[in-house]
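Both complexes shown next keep chain A, but they swap its partner, so chain B is in the first and chain C is in the second.
So, the complex of A and B:
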């Protein structure tokens, strides 16, 4: 009797269709917005499409982009954001400058290692001890910031004053001004970061583990995935990217100081979230983060071109962040997945 | 005798099926009316109708002789119906008093809390459940589970209910605590409150209930006075005769070699000195009530929880591990009982979920192949690996969960409630897959409260009760009646083993 009904029973009558258009928009919709801005841009100012202006746009956000790629891994892992980013940037920069007398290569290495050490601490505490990532990285931000002011006495460290290695100092200062052919080195670095980040996320085993962890840490645990290690690596990647960004920023401003990375935390999170990486974790991609970064850059540029002051720019940025997070949250709630 | 609740021809339909079909059910003032049935029999749906969870039931409900509409929980409460759930509804960090009077805190003037009345009122309520000695200003998290349960009852009493519904109230209580609860229930009976009592523990029901209604497949089997029925008769009514037919007897595929052997395994407070073995190609059932320590045993076997003592041998050599990662590498896999929290990542696709426990095992290309094969073998519908898992039905999600563990190619697969809450079609597919795995030489440990499933699939069943191993039944003799009796600590198998030890 049951076998007669079996075919009937196996059929699932529920509606199973997902809107493919909305899926695509959620994936790469950010570039549509970037495109709109690129169309609107020249209407606002004739200067918009000059090569100089486009270079300016990229220059203002290249370092931010590198940092945001790193933060995206933390967000993707379901841990919202790494707020220790500004201090890590400053720290990596200061250490690089302070060790310039060992030669440029060694000082760069030490700078990156300094940043990574903070990433290891963050990853360990959040991964193993399940500390709240926001509170913990915020605390680390403050402690590290204070440590730097204490050790270096709130002094600015100038590469050319430090040690006598004039050649190392000048090659360090040139780092952010270096061109490879016609293209600034920092642009190449940004695109490398995006491509490598995207490959790590979508092609490696770590990336697939991170996706499960970000989607549900409990499920990951019950799937035999080493959850603390996976989270730890995400924070390590964030610290690595912040170190690279911090070193370039230090080179750009020609001095190492505790306040170097100020503002990069919120800007990076904005770029990540505007770029479509879900605050709930497990969803989004690094190419989208590039889109979010570019959008911020173009926005600031357009505001500059029409003469809006810095003061109002932060307001606009904050409002955009609120709108994006709000829309994101609402669509999650609609799908019944509001676990952010 | 006064009838406080009367349900006439009540039905509740879910898409495609009746969860509750034309039920007549009534409760007298001052009686305990027990509601019995296996998982999926429709008990909890009926309770939800009473509690006002549905606004689309059909039939008539009378409270104290008046026809009422129970279309929302608030309407149920207004009509004097109070539910006491298994998961306590108390806010743990705040005081007992504030919990008891939540939503109607006494005030002085408009803004100020009237502490004196608060304490006085809550003391009165606590007194009714035998907790008069407890300080009502203590936070709920500081009292024991059983006391919290009594506070929960006190909270319900605060709304002056005429009907109290208790869902498995004793599942987390010790014997002494159960006796205390029964004492209080008897007092409530004298006060004229009608109590609906749901439980799987048959001995308890014969002790506390006045009448019992048995449900099966959404329909009422019978209502009897408790003095007119034996435990055996109740078991027979719950199971019915048709249930066994679902399982075609399979030719056993057991090989001689022991795959997994567990010696004196203990985790303090959960299970103690457990010994058992599973052979290659064998399906070993574990029978027991919820709280018997079955899931806890499984969790320790795969390294999610620690063990305090004992040995685990795989293929004759002792293995030790402290993480599920390692256990999985040894070939021990665990399909956990909670699909949504621990089993499937609802934001990932079907394919990603299937591969989530074997990320290091397959290359992307092999992974795709294996996903395709498993989707086909388990008849996952729709058969698309990119579809978000959340858009699948419960039964198909459960198939994907099984596929996830099959993809790890385990030597020993532990299944914890593999078909809970799934439709019959999916259930049959899952059973077929489990039997095929055994035939191919996998060892399977099956934990399930679904007794027909346990009896139909297992080659051998071990019985656990309160964290102890209390007996073993060979398949030849294994009937649902025997299993249900054994789970309740009764029956010849339990006794035989006890005497021989």
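So, the complex of A and C:
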């Protein structure tokens, strides 16, 4: 009698099986939601699966996607977000336009270098002095924005198509309108950014170090990783992606102005976080970020096709944002992979 | 040499009252250089301008003390402004003010519930509610501005019965002092600091951490809406993008005022002084003939310098961690 009781007691009633739903959610992540929208899309409107519409979707988010890939590295390193992205974008664009008389190649290089210099400052201060990333990049955003308004606010600069540097100017303007075969150059750049970003994150030594730094900076320090350098490179990548995005945006609007990147900071963070990169750092991947970016584009497109007014759209976007991230975090918690 | 003794005390004095020094220095510089700065009328203007962001900063400081972030303050502020102007023709000022504050509180409550119960990061939650509430604001006013014909209360709020302190300044300062008192002297208020310092410890000490989080966010929503409502009443109108620039300014001011993003540190009054400093700076620079660009540049520089100073002193302290400074000094004296 007693032994039977003991046997019963010994039996472990705790479930060892992982929650299947949570497992799938954590594996596929954002692409479940993207898939749902791809199924709902044609039901909503027959126009959804036309080539023109799909191109429109990609075109609205291509630059955002490039920027988001960069910001993902900062988020992955456990530093929330790079809020200086809008200024870096505008700055890179302005510098490129301002130096167009040196020829297109040199001006592009100078534009990217200008963006990178901001990235170095961010990386140095946040990496070495451990300043709070949100506040520091916010301060940089303010300073850079003020500077650009001060210097170029009164006289906005634009690529002068009919001036002395007409050829350089026209090739700069064509940059965002360039096609490689049937595919726009921006799309190719976006997919290149995603593939290269994913490879850097998962295949290189830097990527693995970044994962350790993102998971726990203290552990990384004691395992001999150069933490400030790793964080610095993450910010540098963010600035690099932002400058490329900014140059394309400037080429698209044909005007170098301080307000060019407005809104890209929070939109990029949205894409990154919806794409499954954890704000706590060290979890997520770049392919997910692409998914997050696509979701933003498809969402706006579907809402437009339904005929939802712009006023309702922001509300729907906000609700979906919170739900997606909430479900993702909950499933991670169920699997025991998140200590939040 | 390692810094000890008097030197340490002075630097701690500088650190603790940093924002007060900063405010006084800004005030003196502007008094000397800016034309038409030093007069009663201008001071009243400065204090009135301060009210909006200073009252928003109450709730935001509490959220920062808890170690969280509330990005929805800007939208909440606009919501309060819109509702108080929009409902005034139907219900009168008192009820519409109540509606405004309560609706801000509801947004805060949702924030708090999502952060505490659904355990989503506050950065994400409030980023989401920021867009949602902004959408509601646009929807409510159809994307336009709202005006009121009843300008009586707005005029009264700005009348200077007491020099320097028109009713709106008086109300704002009293609210801020009440909150400072609660945070500093009551057991309930200290709970926010304990929660921000270490959530685990707070829970073990018997604090209802979830309730604190929810209440903190609710307060943040309410004060933001209240600030927006008061501001709208004095303006007799509400614009749909009223709070856009406020979010970043309040974040900057709160950090300049000494609150730490890590949580457990911060003071409502110091945040107010920081807001005041920024307003004095803006005002003085405008009088000096500088444009909007210079103002943005300078507030960015101040924020950058404060963040740098803070993190640099932490960096140096961390370098000394584990060394026993007193023993080292004794050792060097003996030699």
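Operating definition for what follows: the second predicted complex is superposed on the first by the 292 of 340 C-alpha atoms of A that agree within 3 Å, B and C clash if a C-alpha of one lies under 4 Å from a C-alpha of the other, contacts with A are read in each partner's own complex, and residues count from 1 in each chain.
In the analysis below, contacts are C-beta pairs under 8 Å (C-beta built on N, C-alpha and C of every residue); 3 or more make two chains touch, one makes a residue touch a chain.
Only a predicted model underlies this, so the values are computations on that prediction, with no experimental measurement involved.
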(Q) In the overlaid three-chain picture, which partner chain does A:205 touch, first (chain B) or second (chain C), both, or neither? (A) first
Q) Touch check for A:60: first (chain B), second (chain C), both, or neither? A) neither
Q: Using the superposition described at the top, determine whether chain B or chain C touches more residues of chain A.
A: C
Q: Considering only the touch criterion stated at the top, classify A:156 as touching first (chain B), second (chain C), both, or neither.
A: neither
Q: Would you sort A:218 into first (chain B), second (chain C), both or neither based on which partner it touches?
A: first
Q) Which partner does A:45 reach: the first (chain B), the second (chain C), both, or neither? A) neither
Q) A:322 contacts which: chain B (first), chain C (second), both, neither? A) second
Q: Indicate the residue numbers of chain A shared between its chain B interface and its chain C interface, in ascending order.
A: 280
Q | Residue numbers on chain B that touch chain A, as the complex places them | A | 15-16, 245-246, 304, 323-325, 327-328, 334, 336, 341-348, 352, 355-357, 359-360, 364, 379, 381-382, 387-388, 390-393, 395-396, 404, 423-426, 428-429
Q: Spell out the part of chain A that touches chain C in their complex, as residue ranges.
A: 80-81, 125, 128-132, 134-136, 138-150, 153, 266, 269-270, 273, 279-280, 310-315, 317-319, 321-322, 325-326, 329-330, 333, 340
Q: Give every residue of chain C touching chain A within the complex, in rising order.
A: 69, 114, 118-121, 123-125, 127-132, 134-136, 138-139, 142-143, 248, 251-252, 255, 261-262, 291-301, 303-304, 307-308, 310-312, 314-315
Q) For the complex, which residues does chain A have touching chain B? A) 2, 6, 9-14, 16, 18, 203, 205, 208-209, 211-212, 215-216, 218-226, 280, 282-283, 335-337
